[in-house]
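A, B, C and D are the chain letters, set down in written order, and residue numbers restart from 1 in every chain.
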Amino acid sequence: MEEKLTTLPGAVSLINDGDVVALQNMATQAAPMALVRELIRQQKRELGLVVLVGGLAVDWLAATGVINHLIGAAVTMEQFGLCQQYRKAVEQGRIKVEELSESLLNARLGAGARNLPFLPSRGAIGTDLIAQNPHNLLMLDDPFGGEPVVACRALVPNVALIHAHRADRFGNIQYEPTAMWPDIAIMPKAAQRIIVSAEEIVDSEVLRRHPEKTILPGFMVDAVVEVPFGAHPTSFYPDYGYDSKFHLDWAAAARDDTAVRNLIERFVLGPENQQQYMDMVGGVETINRIRNWEQPG
Amino acid sequence: MTTDWRNSPPAENYGVDELMVTALAEYFQDGEQACNGMASFIPVAAFMLARLTHAPELVWIASSVGLEPRPERIPASTLEAPLWRDSIMYLDQYTDFWNFVLNGRWITKFCVGAAQLDQYGNANNSIIGEDYHHPRVRLPGTAGLADMCSIGKDLYYWNPDHSPRSLVEKVDYISGAGYLDGGNTREQLGLGGGPRAVITNLAVMDFHPQSKRMRLQSVHPGVTVEQVQDATGFELLMPGTDVPETRPPSCEQVRLIREIVDPNDMRKRGMN
Amino acid sequence: MEEKLTTLPGAVSLINDGDVVALQNMATQAAPMALVRELIRQQKRELGLVVLVGGLAVDWLAATGVINHLIGAAVTMEQFGLCQQYRKAVEQGRIKVEELSESLLNARLGAGARNLPFLPSRGAIGTDLIAQNPHNLLMLDDPFGGEPVVACRALVPNVALIHAHRADRFGNIQYEPTAMWPDIAIMPKAAQRIIVSAEEIVDSEVLRRHPEKTILPGFMVDAVVEVPFGAHPTSFYPDYGYDSKFHLDWAAAARDDTAVRNLIERFVLGPENQQQYMDMVGGVETINRIRNWEQPG
Amino acid sequence: MTTDWRNSPPAENYGVDELMVTALAEYFQDGEQACNGMASFIPVAAFMLARLTHAPELVWIASSVGLEPRPERIPASTLEAPLWRDSIMYLDQYTDFWNFVLNGRWITKFCVGAAQLDQYGNANNSIIGEDYHHPRVRLPGTAGLADMCSIGKDLYYWNPDHSPRSLVEKVDYISGAGYLDGGNTREQLGLGGGPRAVITNLAVMDFHPQSKRMRLQSVHPGVTVEQVQDATGFELLMPGTDVPETRPPSCEQVRLIREIVDPNDMRKRGMN
């Protein structure tokens, strides 16, 4: 099997300015945050993002000018509120948004994965989403005489970024049983390249003990990197919960550009590796807190 | 867990959050399936309460992930693992949940919060302003709302801040189809289901069967019809008779909410 | 939760003459054979079958006049050869076949599951399958200007019959990691009713230990029956292998109607319950053999 | 497992089954993905042999279920668990395998057996006869063949019984699209890929680049061109030069097939 193991800089160097990047992310869950920080460190520009529900990662990428458009169903940090940097960028016209409902996004990605020109959905009929987006969404008559559908044009992201529980050095990717959102179930299958960070790199023999947990075969994966706590500050069930303190600090700062710059400098640009990052965000104290899924209130 | 909730007298002390929970719970019955999404403390409390009282056979799909979970109490997120980790089944979103939802036979009722809701029950969680590409406010986005609104579901809107900002004559952007321009404009697109009720901190509304305009159904105890109308950005239709009072929670319902379902008062986070 | 536990006769009584029945079956694998035998015992008539790849079950149902049409991608017992009773019935015009490729069948079932009028595929273009079947397959232009697709009309079977590893009495169905063919992954989701036989009925607490193994929620399932070795003589990984001896005996007899009647009488109509059936097919000796996946040659 | 297969001399004693395995194995290279379906002993032996010799990085998806399995030897079924149970990944058919296959970037070569194959590489596994609803012979059915033939795959037909019954001028029913009526008729439907080679017990054939008619590529040692033509139900095109002989298996290849890959001679079950 072909070697896919590399470093964070090496993995992210596979991404080009202008790429459309599918990002695993559900509000406060399971985002490949170490890969996202590396995107910022490498000063990528004019990226498009594909998200089901983007969270803090989107706010960071908006704050640092990495992205200029977003295709997705929502951007929010759930109980930590809206993503203020993203919101401001959209309001100022710096980020264009192609808003899709979940079924329309799933259909666009499903078509991309299966090399179909489109897949139909019956969701979102009657909303403004469809008339807004004639390039990718068209009403289509049912050839069998039933109700019309929304034809959703195939979406093929250039890259998918995901975080996984474990992988081998050949890019076979395993995931523990958890909420399998479409961002992990269909985005990578639609993308041209797949970059994975994993909590741990293990011997292939470990994967063979549970072949049902393998979600992506090595031949589909372009790069894999070992990054413990690579989803911090988002949660990564069952390993660790989201970091409330970190999210609250960001939410408190995110309307203030200076405060934002300081946080980005401190947590994104400052640490030279994951170990330094984890020390910076609280080290063992934080690790113990998120491992116990302790949340304030 | 059996409690004498049927014979429990009306509570004297309760919050409007608790009344919203009990009002919403009434719509969910045995044999139905309920699911919740993000930041949905009021619906989650309503489902959990319904299962403890009148609807023990209400199926709950927590966070649209976990079937029949048994969280000890409502945690700080209605999307994260503490809510659903102790489940009978984890539903894969792409292959399970969306198949079940789209099928049309299951999960026929959906609870929704919307930044704007108009007199025909159209919902907006996308943008405030005139220009989609330079909005005055970028809202989170439609997520699954646009789907739920167009695939035959009965929709129950909860709104903890009944105001002319949130209940508007016309939404700036339709990110969830209600009755569109009213009358039969929704039916003409072949859409079943639709908005059934709007439960706010002041009142409960439904929709007129023909015109599909929003109609006052009941006002909460202590609230006047005038207060409701003043807080609404369009003219509410009135019911044929006098406007009744929303049934307050019973003592037992309040006890269950406070002691069992939500001792950490997460539901109050849903309130403004 | 609602009680779904019943008996084999009770479960199969939910099926009406004329129903279209989706049958889990891959050549020699994982067919709900106890349910199939009960279909024959109850003398169902004019059933249609939906199969991905039908095997011995199809041959039994053809031999006993239970089915008069079949929608599927193939019928074969792999190394045990073609299903001769089925073959003869088709050649004599007693069973009509709607032949679909796997992607077309998946598309028809996927549309049925998701309440869409159709789903597209690019499979089978240029074959005779499409012109043969204008009621359910139509070429459709891509509204975005790309290549045309085959629109595959939604298929909603009346009933799906499946065999599972375990279930609780409320119809929550679990499956061990194995080959998840489309007959288990999409057929039940498309069907109006679901009838399940399971190797064992367990307490719901057992299911909660592995929620990721639950493949169908109780609210979708109409009836569940405990039938140990309910897939015999097909295999049911990891529990037991296919019964080569049984398949060979059937294959040797299947061109001879008298021999077929004798085997049906002996194995299908004779035994009054699963225990008697298992005794009849060799009891402990057979059980030990199939548990060890022992195959001749 | 490293063996000196590169310098191994041609075998003197080998069966045509072993020659078919080595001929098919040549088409599969490092970095590609191969999958097999039912009763596919010759292709499975070819993949396993290729991985032991020239293509150690050939990815194998056994039974279209199991990624990189390590069966000790070829079992009695190429679809059942003994082949794939020791894998790195179990591919769910509906959500994994068909997504990967349809995607077009992976699993670009597919090995096929067909009851009838015609001069343009159209395949029939459906019916023999004139009337689809009253066929003379009902064959098993197309299974995944119709898909593989239309979604841009390169197709490799194996046929252990080269005869006018199996190689026919025109198939009774097209259950797998080859070059249709030849020339550019396949391209006109927007179909990429197509039949690349036909490996029988007598010869190897390919297809003429323009006319798309089947063309003799090599005859197996000891077989004459006349024998091949006599056993074919249509006129075979001839290569520009003399018809070469199919390369026989090497001693080491034969040893690997007999001792490691298939000591139980399952591949002979694929022979008539």
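Throughout what follows, a contact is a pair of C-beta atoms (placed from the backbone, for glycine too) under 8 Å apart; a residue touches a chain by one contact, two chains touch by 3 or more.
Given the structure is predicted, the values throughout are model-derived calculations rather than measurements.
S.K.: Of all the other chains, whose mean CA position lies farthest from subunit D?
M.R.: Taking each chain's C-alpha mean as its centre, the farthest from subunit D is B.
S.K.: Could you see whether A-B or B-C has the larger number of C-beta contact pairs?
M.R.: Between the chain pairs A-B and B-C, A-B carries more contacts.
S.K.: So, what's the distance in Å between the C-alpha centres of subunit B and subunit A?
M.R.: Those two chain centres are 29 Å apart.
S.K.: Using the average of all C-alpha atoms in each chain as its centre, how far is it in Å between subunit A and subunit C?
M.R.: 39
S.K.: Mark out which residues of subunit C touch at least two other chains, giving numbers and ranges.
M.R.: As it turns out, subunit C has residues touching two or more other chains at 115-116, 121-122, 147, 177, 185, 211-212.
S.K.: Listing for subunit D: what residues touch at least two other chains?
M.R.: 66, 90, 94-95, 98, 102, 151, in rising order.
S.K.: Provide the residue numbers of subunit A that touch subunit B in the complex, in ascending order.
M.R.: 26-29, 53, 72-76, 78-79, 82, 86-87, 90-93, 96-97, 99, 101-104, 106, 121-129, 132, 147-148, 177-182, 185-186, 235, 237-238, 241-242, 244, 293, 295-297
S.K.: Over in the complex, which subunit A residues touch subunit D? Could you list them?
M.R.: 1-2, 113-116, 168, 172, 185, 189, 204, 207-208, 211-212, 214-220
S.K.: Sort out for me which residues of subunit B touch subunit A in the complex.
M.R.: My answer: residues 38-39, 63, 65-66, 75-82, 84-85, 90, 92-95, 98, 102, 125-126, 132-151, 173-177, 180, 186, 189-191, 264, 266, 269.
S.K.: Note which residues of subunit C are touching subunit A in the complex, please.
M.R.: 115-122, 138, 140, 142-144, 146-147, 149, 151, 153, 177, 210-212
S.K.: Which stretch or stretches of subunit B touch subunit C in the complex?
M.R.: Answer in residue numbers: 31, 33, 57, 59, 61, 66-68, 86-91, 95, 98-100, 102-104, 106, 151.
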